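I've put the structures underneath this note.
Each of the next two complexes has chain A plus one more chain, namely chain B in the first and chain C in the second.
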Partner chain A sequence: MTLKECYSSFGGDFDSVLLRLSREQLVEKFVYKFLDDKSFHLFKTSMENKDYVEALRAVHTLKGICQNLSFTKLYESSNITTLALKENDYQKAAESMPQLSEDYHLIINAIKVYQSCKEA
Partner chain B sequence: MVVSQKDPTIRFLICSFIILLIISITVFSFLGIYMNRKSEKTVYEVGEIYMSGMNQQMSKNFENVIELRFNQVSGIVSVVSAERFDKEELYKELVYRAQVRGFDYLALCSAEGEFEALCGQPFKPLNPIPFVEALTQGEQRVAVGVDSDGNEVVLLGVDAAYPMKNGNKSTGLIAAVPVEYITDFLSIEGKNQLMYYHIVRPDGSFVIQNPNTELWEFFEKLQKRSGLKENKASQESALDEFGIALEHRSEYNTILDINGEKRQVCGIALPYSEWYLMAVMPYGVLDDAVNGLSNQRMVMTLSSCALILIILTFIFIRYFSMTRFQIRELEQTRQKALEASKAKSEFLANMSHDIRTPMNAIVGMTSIASNHIDDRDQVQNCLKKITLSSKHLLGLINDVLDMSKIESGKLALTLEQISLKEIVEGIVSIIQPQINLKKQAFDVHIENILTENIWCDGVRLNQILLNLLSNATKYTPENGAIRLSLYEEESAKGDGYIRVHILVKDNGIGMSPEFLSKIYDSYSRADETRIHKTEGAGLGMAITKYIVDAMEGSITASSEQNKGTEFHLIFDFEKADTREENMSLPPWNILVVDDDEFICKMAADTLKSMGIQNAEWTLSGEMAIELILERHKYDEDYQLILLDWKLPGINGIQVAKEIRRKLGDNVPILLISAYDWSEFETEARAAGINGFVSKPLFKSTLFHSLRKYAETNTAQTQTDKNMHLQGYRILLAEDNELNWEIASELLSDLGTVLERAEDGQICLDKFQKSEEGYYDAILMDIRMPNMTGYEASQAIRRLDRSDAMSVPIIAMSADAFSEDIQRCLACGMNAHTAKPIDVSELTRLLKKYL
Partner chain C sequence: MKKQKILIVDDSEMNRALLLEILENQYDIEEAENGVAAIEILSRQRNEFSLVLLDIMMPEMDGLAVLSHINKYRWNERFAVIMISADDSPEKMQRAYKMGAFDYISRPFDSVIVRRRISNTMLLYERQRQLEETIAEQFREQERNNKLMIAILSHIVEFRNGESGAHVLHVNTITELLLRQLILHTDRYSLSKSDISLISLASSLHDIGKIAISDEILNKPGRLTNEEFEVIKTHSAIGADMLSELPTEQQDMPLVKTATEICRWHHERYDGRGYPDGLKEDEIPISAQAVSLADVYDALTSERCYKKAYTHNESIKMIIEGQCGAFNPLLLQCLEEIADLLKNI
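And now, the complex of A and B:
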């Protein structure tokens, strides 16, 4: 599995990220780092604790990462959540969570598969 | 002419056919009759041979039977000796022996002709004298006699000397059998036989008479004839001949005509007697056979004659229709040749007129020029007209030469590597003046032409397109529309080829279906009455068709009168071996403005395929200005604007002016134009147009026009990197580890020194603690824990230090809503850039504030 295939498997735009970061190794490095990023978990716990200010910050950060790494699909779902929280529409934010979670885990799994392929 | 030629032919054919018919029937009938005669004769001959054979056999039979009987009688004589018995016993013995041998009668005869019966009725021969004479001479003799009851008997006499009752010596012993005995075994009276028999004496009297009476008269005549010897008719001569034959006891054959019916008569002498066997065969039987045969033959002959005639008729009719067909074909070919020669003479007449017109102009203008040799303007005007006329003349002559080349089969293609783009551009620039002159709208639609370099005879392809387009302009009235479209698809010839479709469409006067059918004929020109003004040799389409065929392409035309015409060309070109240039452009935002939606879409697609991130399009100048301003508000300006010169409302130049007035000179604006822009170049440059892109918009056209701006951009970036950002110290407030690393990676590439602040508070602290002017710029994330970007910026601006207001703070956020941007600016930040971090954009901003 190539990184490009990995990207397309979870709805990312590999060409654009490569254009910006110019080297595939760099993209790979940051993608691996994404596995350790805490923003999603922070968002989740904040939502559970009904700390919406913190939740907004976390999901906003996640959105920024998505933009930087061109995770198009996750960007879209995180954007929806961000907008909902900004408008204090907590109901809508909570409703958008399953999609966000699904898109997030899709990426995490894809990266893990890619990583194991690469190591093997 | 056709009729007068056909008539004598038909008359001749019919006459000869009738003559043939008559001759055949005559010949066959003659043959039939002749053969009938012949066969009749042969049958008679065969009958004769048969009869004579039968007669001989009968006579042999007779001989055998009579000989047998004679031997029996001789046997009696040799067994019974006269010396051994007395008279009474001798007679008894003789009678006994005779009865044992099956004789009913026995008698002795004296030399004087006395007959003494020994048993049975007394009997006497009918003609005793020759009989007794023969016995006296010691011969054996057979004769016919009658007994006392009048029954006919056959007498067999042998020489024998027995004492007679009267005491005399007998001269012969005579045994007799009833005459039926002879007739039975000779089958003389058989029924259902072809023949019947008479036995006659030499004088013509009957010995044994057949019940058939028809020849009796003949024999009566024969008896009479022996006295008087005179001849009368043919029958009489036959009578004579027969009489002579009887006398000589020779075989005789003849045909007798009795009661109108022919009979074959055949006579042969019988041995041991003076008798003659006459076989008679009525020809009725033979005639029946012969007639049957001849009828059959006649039928066969006539039917074979009929068959042959039928076959002959059939062949004749076939041949005749074939000949007529050939004649008709010949006539058609002749007609065609006539038409062709008529077309050629018409063409010559037209041509000489067409040639004379520009020639007159040249001659006239030359003389005017020489008369006004000092008037520079006049001479120049004349020269211009002369040039035009010569060009026109040259075109005519070229056409004629091409046609003659084609007609002599000498037109060959020269394959070379050409660029479709160059060909089309060339064509457009050539045809443009003509189209402008007639104020026609001209569109070139280039659709996904990916392979521009191909193997083709460029000159000839040019010729085809030029011909089709100039026809389109010629036959389209003023203000009409003409469109040239190109698109590609995969070729059936394989990977090395590309199929190119070229369509030339106009909304001109169109063509009638009749004319459309002969559009490719040489020397034809559209309906003369409708377009008397149009000049040309009328060879264009013929030449075009020929070249298309030679290129193994196809051309189809569809046209409707007063609606327009469309030509569709399809070629399979071999792809040129040149490696396609890797055409890629930076991920810009570009706006395409054109009133033709098709061109917009195609241009946007082509741009995107080259790496343009966002290619938007709109159809009017007003909309374009609106879009550009909207973008500008969010500080997301287009990097480049492609503007059509001709737009429905305000034109391209005015749009450019408006943009420049509102936004300044930052964004390059390129003017798209199918026209020669030299006319309005100054005006356009003054309005702030940076450059021109010529239509049609091939991929390479777009790439080469836009690359310049990409190069200057990257070149600028390069200079920025090297000259301005090297060694700059930047404080980056970013709470997220990953985002920080990405930013750090990208910015350190530019040569900056980067320090991180994990949140707004840390950022504020770091800045506060630093020496004045230590940080050259601050990049600020917005949403951070403890203190947001807004708060941090406000706090920094409020600090009491010299660089507090001057240090550039650039917001770097995932949000790009206008309210976010407004808030950033309100909080004292200098600019806002949206994530993802774009190095060139960031560099641009930094450069702006540093």
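And now, the complex of A and C:
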């Protein structure tokens, strides 16, 4: 599996990120780094604790990372949640969570598969 | 050459790492993970930084609060602040610009564009700083030349009078000291610091009218006859007339206006018994009053072809007792107050 195929599998735009960051190794480095990024988990816990300020900050950060890495699909779902929280529409934010979670895990799994293919 | 230094302020480690990756070959990078940490670093070592990359949404203290602090203390005169928020809504961007941000880099980051915008900003700041330095240096140079020209001119006058070249310098200094002391007591004369510098500079020209007086009278060793003294007395009006014959646009210059007042009226006396116009009290411009007192003090303490030098204490005493004509009581008070400084001139 190539990194480009990995991107395609989770709805990302590999060509765009490669154009912006110039080197495939750099894209790969940050894709791996995404596995350790805490913003999604922070968002989830904050929503559970009804700490919407922290939840907004976390999902906003996640959105920014998705923009930089061209995780197009997750960007779109995190953007919907960010806007809902900005408008204090907590119900809408909660409703957007399953999609966000699905998109997030799709990426995490795809990266893990890519990583194990590479290491194999 | 030493690398320029950038402070990256962002709560997301991923984002800081990405910017570090893009920039670390060209710049020294320091990182702060929230606004409080950024302010702490900048309070301590802001002079080291050429640029701050600032996220908006952060815990502890957000980017706009950091920006407001930077703007309040005018730290951004030395370094540029570029916003790097994922929030690129027009209202956030406008607000950041209004609060002093230099630029706004939106997501997603493009390594080439980020590098170029940062280097352009730094170049602009550097050029601006160099320009300011050049202009300041040229200004100082020009001012030095102006003062030099006036010093040469007044030295020529002094030289012919057979007075020491130091007289003009002394009158400059004493005039300035007197007026600085005066504004501590009253704002009646509404003198700014730059007015005082101008008067001090113009005082160099107080005796230019003497070039029209013949050598025999001007440098006569013994006592002058009444007729001869009448001739000497014309030097103040002649000096002012010489300046009033300058082209109109030059006459309107503050230096020339002030010098004209000083030339014409530096022998007026506070009780109206001076010359050429017999002005009294504050009919005499404060510039001429101050130069007049400075001129008398320095004449007393210097040796001339017709007299020996009096000591500092004798001279002050003679002036205060009114042996050399009447002066503004407030200026006399100032003279006594600055007496210790005068001893060292």
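Details
Everything that follows uses one rule, which is that the second predicted complex is superposed on the first by the 120 of 120 C-alpha atoms of A that agree within 3 Å, B and C clash if a C-alpha of one lies under 4 Å from a C-alpha of the other, contacts with A are read in each partner's own complex, and residues count from 1 in each chain.
Just so we're on the same page, contacts are C-beta pairs under 8 Å (C-beta built on N, C-alpha and C of every residue); 3 or more make two chains touch, one makes a residue touch a chain.
Here the structure is a predicted model, which means the values were calculated and not measured.
Of the two partner chains placed around the shared chain by superposition, neither chain B nor chain C is touched by A:Q115. Of the two partner chains placed around the shared chain by superposition, chain B and chain C are both touched by A:R20.
Of the two partner chains placed by superposition, A:Q99 touches none, neither chain B nor chain C.
Of the two partner chains placed by superposition, A:T45 touches none, neither chain B nor chain C.
Looking at the shared chain after the overlay, A:G64 reaches both chain B and chain C. Of the two partner chains placed by the overlay, neither chain B nor chain C lies in contact with A:T72. Under the contact criterion defined above, the residues of chain A that touch both chain B in one complex and chain C in the other are 16-17, 19-21, 26, 30, 33-34, 37, 39, 54, 56-57, 60-61, 63-65, 67-70.
Residues of chain A touching chain C in their complex: 16-17, 19-22, 26, 29-30, 33-34, 37, 39, 54, 56-57, 60-61, 63-65, 67-70.
Touching chain A in their complex are the following residues of chain B: 587, 611, 613, 735-739, 741-742, 745-746, 781-785, 813-815, 834-839.
On the chain C side of its complex with chain A, the touching residues are 11-15, 17-18, 21-22, 57-59, 85-87, 107-112.
Here chain A touches chain B in the complex through residues 16-17, 19-21, 26, 30, 33-34, 36-37, 39, 54, 56-57, 60-61, 63-65, 67-70, 82, going by the rule given at the top.
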